[in-house]
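Going by the order they are written in, the chains are A, B, C and D; count residues from 1 in each one.
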Amino acid sequence: MGHTRSDNGEETLVSIDGTLDALTAPELRPTLDAIVAEGRKNVMLDLSSLRLIDSSGVGALVSLLKRVRAYGGEVRISGLRDQPLAIFKLLQLNRVFPGQPGA
Amino acid sequence: MGHTRSDNGEETLVSIDGTLDALTAPELRPTLDAIVAEGRKNVMLDLSSLRLIDSSGVGALVSLLKRVRAYGGEVRISGLRDQPLAIFKLLQLNRVFPGQPGA
Amino acid sequence: MITLSVPGSLEYRDVAVRVVGAACKLFGPPKRDDRRASEPVAAVAPEEKARGELADAFVMAVVSAFSEAFNNLALHGYRGVTDKSALGRIDIKVYAQPIDDESGAVVIEVTDTGHAFDPAQYLELPDELPERGMGLFIIRSFMDEIRYEKGPPHTLTLVKRWSLASSTAAASP
Amino acid sequence: MITLSVPGSLEYRDVAVRVVGAACKLFGPPKRDDRRASEPVAAVAPEEKARGELADAFVMAVVSAFSEAFNNLALHGYRGVTDKSALGRIDIKVYAQPIDDESGAVVIEVTDTGHAFDPAQYLELPDELPERGMGLFIIRSFMDEIRYEKGPPHTLTLVKRWSLASSTAAASP
């Protein structure tokens, strides 16, 4: 798993690639925790290079979503495909996470 | 392993990608045999997408080289890198197969 | 049959997942119909595409389910084991269960010597926005059969069936 | 230790090579120096690059050698076995042999019940333009040690050592 964070005015973009699972999700946590600590309200997750996700990886993203919503922000996702898309559909999370703004 | 052959005037270009090994080399043989049967004299092997080769894969390419040379042709290689490059160096075949014309 | 044995720790998950993924390619729905190799490419193409999708979806489902099972063993089954040298192992068997030329099943048996559990207890998602407790739901959703035999050693058996009938039906004009 | 067992046939080579490749990442030279995680990236970068190259070359060498050993078993060791159900197996053990913090070795033991052979007979390349007979040369060139114990079962042991000293030396200004 690799990830990058970039802030563009109001928006925070986090791109995650490779495998987000029980082994690698802890590496992502500090970045997600910082986003919450800073109270970023407009978070976009670019998952177009995410190849594989498991329930631990999903858990980390859902936890981010809940915390950001708690202070009135929103977490959007884009680029979901293949196995991660199948997992999001199965857990009915593709309805919970909104897509691109305006999409 | 995947491979494509294209003829451009005198030159025949064969691009090989993926893994060329004991299991997949037999799939390449008919293409190489046809090149020899047609007496093509100017053969270029593009190995830039070849990821892994083993001694059986090398054997198939050396066999082509010998047969093409036997009727006065030449087999060149280009794009060799990573593991295939290491194998060609070890077997001192990078000296035997000439590179790009003029290189 | 392929057998793999690794220590019961998350670091070994990647090795195990690779083996299961490769095993699905060997034992799952075939991508190519070798009997039709002599037919013109155009006739074979739509069916090959449907087969490719069937095979990819099969691997995706089995790998997803197996990964959750492996996580559970490393995180719950061997929970509390601090001495690495005393860590139990995870033994994996993967084999094909042929049905006929057009269908079959892949069976994965995962054996451990850690804590036992009762999979019948975890039938539903705990929450609308779950952060945990999704593993068994994923396993159940993606596999056709799940069996648990309490030991020790405990064995979790996962079965996924495939049939070319569904893919060829979809591909027929 | 990781153990894998597959039928002695070429179709299973890919599974075995994946396991050996993944095992090299676990047991071979580490790519990252966790002790330096708190240091600034610029100080760590050149050394990380050298380590990355060391690790990649290590995996490349071991995977190349192991692939040849597997080929030989499927093509020569189990030569002449036509009844697939009677096909012998290839058992593979991979483990780390720690030396110290900065060096170690990866050991691969490959066991079979097929024809025996004498590796000491194949020390040189047969020809200037060889089409076969390169396998054992590749194994010998890429590994530090090769041992053969005749059985049955026969065991071929391949050892590859690594040392960070060589990579850090190269990366020092």
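Methods note: contacts are C-beta pairs under 8 Å (C-beta built on N, C-alpha and C of every residue); 3 or more make two chains touch, one makes a residue touch a chain.
Predicted model only: the values in this text are computed from it and were never measured.
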Neighbouring chains common to subunit A and subunit D, by label: C
Intercentroid distance (Cα basis), subunit D paired with subunit C, Å: 28
Centre distance in Å when subunit A and subunit B are each reduced to the mean of their C-alpha atoms: 45
CA centroid of subunit A to CA centroid of subunit C, Å: 26
Centroid distance [mean C-alpha coordinates] between subunit C and subunit B, Å: 38
Residue numbers of subunit A (touch at least two other chains): none
Sites on subunit C at which at least two other chains make contact: 11, 14
Touching pairs - complete list by chain label: A-C, B-D, C-D
Interfacial residue positions of subunit A with respect to subunit C in the complex: 19, 21-23, 52, 54-56, 58-59, 62-63, 65-66, 82-83, 86-87, 90-91, 96
Subunit C to subunit D touching residues, read off their complex: 1-7, 11-12, 14-15, 18-19, 22-23, 26
Complex contact set, residues of subunit C against subunit A: 10-11, 13-14, 57, 60-61, 63-64, 67-68, 71, 74-75, 125, 128-132, 134-135, 137-138, 141-142
